[in-house]
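Got a structure for you, questions after.
The chains carry the letters A, B and C, assigned in the order they are written, with residues numbered from 1 in each.
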Amino acid sequence: MDVETVKERAGPREFSPKDDLPEEYRKAATRMIQFHANSEIMGAYLERPFIRQAPSLDRKLAFSAKVQDEIGHGQLLYRAAESLGIKSREEMLDELANGEGKFLNCFHYPMESWAEVPMIAFFVDGAAMRRQATLKRTSWEPYAHAMDKVCFEEGFHVKHGEDVMRELATGSKKEQQMLQDAFEQWWPRIIQFFGPTDDQSTHHDFSADVGLKTMTNDELRNAFLNAYVPKAQKYGLEIPDEPRIRDNGDGTYEVVEDDLDWEEFFTIAKNDAPGSHEQIGKRSRTQEAVEWVRSGLESWEHGEDTTAPQAAD
Amino acid sequence: MAAESDRLGGPAELADDERAAVEALLYRLADDELVLAERYTEWQVRAPTLESDLALANIAQDELGHARLWYDLLRDFGYDEADLIFERDPADFRHASLAELPFEDGDWADAVVRSYLYDVAEQLRLEALADASYPRIADRVGKIQSEEAYHREHAQNWLERLADDEASLKRLQAAVDRLFPHALALWEPSDHEETIEDLGLRTESLAAMREQWFDTVIPFLRSLGLEPPEGVRENPEAVRPATIGRDGDHTDDWDALHEEMTRTYRELGREEAHKIMPDPDEADA
Amino acid sequence: MIWEVFRQEDAGEYHTHCGNVHAPDREMAKLFAQIQHGRRKPTNSLWVVPKDEIGEVDAEEAAFGGTTDKSYRWVMGYKDLDAAFAEEVAESESEQEDADRASAGGDD
């Protein structure tokens, strides 16, 4: 199939591993899904300390389950990416550990206090779920299938995040202040989650033309703001003055792009921010530390009994 | 089930020594599960493969769920979760040292060996509680047992596979050398052991259960080429470490773990622990 | 090694493909599949199958059901007879008509 045919046929779940797709499509889809899979894994690094630090046993259980789900989503997504025939899961995991793999901007920042938890668990997950719901209609069928299961599970994450936020918002003055501080710190990053406005985005056109993406950055950001700004206000959060966001009154918003730090955003996109080095370093160290297990399993799989006496060489 | 006449009543009907014995038993059960699970959760996002990450996370959640059931029975005695976990003096915890020991980054052999030694013990312990004279304990055993089979199978499968590889076998042996002595702490009696036995809170003595445990773990480890500490069966006391946890004497690592576990609670100045799930009794009703 | 996983939600239903797991052998694949694919969705049974052991024949290589007129195999080939006299025959007829419409409609 050539690119023109792909563009003509592009539609929800239109293409599967049986189709003979041009390399351009397979590479674009791999880039997008690999990014998504990497983000599931790297987000879990931010959240894992709070399994231990959760202030109740039930919250600890919910956190552990949530982090577990994120790894499960990574598993599903690497499979969807692998089925494009460009890279194996192993290659993608190696790229993640060696700093070549890209992932969401929000996961390049440290998360230190419990009050920051809802910033990821409610707002970022909520934003992600908005985008994921639209990806049930992506043209790469294995990706759409993964989205079915991810969205099925993810509802609990957003509600868990909201529950943590509600508890803080209705808690002591100190808790409310901590929540507001965290919100102010994270809000611009959350707005940047959707990337720059459409006229600045480079990969969008092709991905949209071949049906990989079904909504533009602006449309997604609008849909997110429509649902989540009222939620933030409901819990008494004050929306920071910057970035300035104009409500057009018709369900759309305009974000004043100059109020956001795009230099930081693009440094992050190159995995070159201090937080990027920190998070990727963690991934790299922890994966390296268990390399011996993977190679042990490898020899088991191939039936090499390395404990048997061997002839001297 | 224990004969009707031997069954104990609820907390209000217990004599002081009976009450102390039930509490001592429950603290050991609950604390073991909680602290072991804390160590397992350290593997989340760090396990060797995505699949093994999911599996160990699941085991951790199972154990936390068991801890929740046992702590819930302590609430019958007037304690709440804050008293039981978040505001409790770390020196009052009664878990075995096996549960609290830290491990080196990437030491998956630790996870596998620790889980194996613990889960075989857990099986014996649950069997001995199935006919407990305190009905609230006996009633909860079945639910826990049905999750334990996976844990043992998981640990054994990993041991068998890693033991097949020479380099991995060495790591497993190092984990056995380090953890086996601390697993003996699981069988250390509390001051209330006599009452526990007399009342039939458990239908086996710790000494008898330890023998059964040896009968299972020693031949299995040997079949894989792993050697338990020399003379452990004949003279366990000689192998037993100085710090066993059971008596409230813990390693410094436990203090650090407890500090981290309760950090948010303290930072926020909380006075109670938030619940998401209904009370286990209501959930069963 | 990659194992494809098939889940059955309730006893008696078909096993439906739901994803894969990486595992060194069948036992480990079963252990991992239980968690990755049986943990959240309702599950009665799982199959794990080595990916390389799955043989496939698809519509590009095979003419499923043949290409010449085979209407003699179908209720629709007997239009002048009314199936309404027996409920089970009528039901079979409507199932066949549905299947026919679905295959005529292509991938939708």
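What we mean here is this: contacts are C-beta pairs under 8 Å (C-beta built on N, C-alpha and C of every residue); 3 or more make two chains touch, one makes a residue touch a chain.
Bear in mind that the values here come from a model prediction, so they are computed numbers and not experimental data.
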Exercise for review: Taking all protein C-alpha atoms shown, work out their mean, then name the chain whose own C-alpha mean is nearest to it.
Suggested key: A
Check your understanding: Hey, which chain ends up farthest from chain C, C-alpha centres compared?
Key -> B
Revision key, fill the gap. Higher number of C-beta pairs in contact (A-B or B-C) found for A-B
**Study point:** CA centroid of chain A to CA centroid of chain C, Å
**Key:** 33
Review point. Where the centres are mean C-alpha positions, what is the separation of chain A from chain B, in Å?
Key: 36
Exercise for review: For chain B and chain C, let me know how many angstrom lie between their CA-based centres, rounded off.
Suggested key: 45
Practice item. Give me the residues of chain A that touch two or more other chains. Key: 72, 75, 297, 300
Check your understanding: Counting only residues that touch at least 2 other chains, which ones in chain C make the list?
Key -> 21-22, 24-25, 36, 39
Check your understanding: Out of chain B, which residues touch more than one other chain, so two or more?
Key -> 49-52, 54, 58, 161
Revision key, fill the gap. Seen from chain C, its contact residues with chain B in the complex are 21-25, 27-28, 31-32, 34-36, 39
Review point. Mind pulling up the chain A residues that touch chain B in the complex?
Key: 41, 44-45, 48, 50-62, 64-65, 67-68, 71-72, 74-75, 78, 113-114, 163, 167, 171-172, 174-175, 178, 285-286, 288-297, 299-300, 304-307
Check your understanding: Taking the complex as given, what residues does chain B use to touch chain A?
Key -> 34, 38, 41-42, 44-54, 57-58, 60-61, 64-65, 67-68, 71, 81, 85-86, 105-106, 108, 161-169, 171, 225, 260-261, 263-265, 267-270, 273-277
Practice item. Quick one: which bits of chain A touch chain C in the complex? Just the residue numbers, please. Key: 18, 69, 72, 75-76, 79, 89, 149, 152-153, 297-298, 300-301
Point to revise | Footprint of chain C on chain B - complex, ascending | key: 49-52, 54-55, 58, 150, 153-154, 157, 161
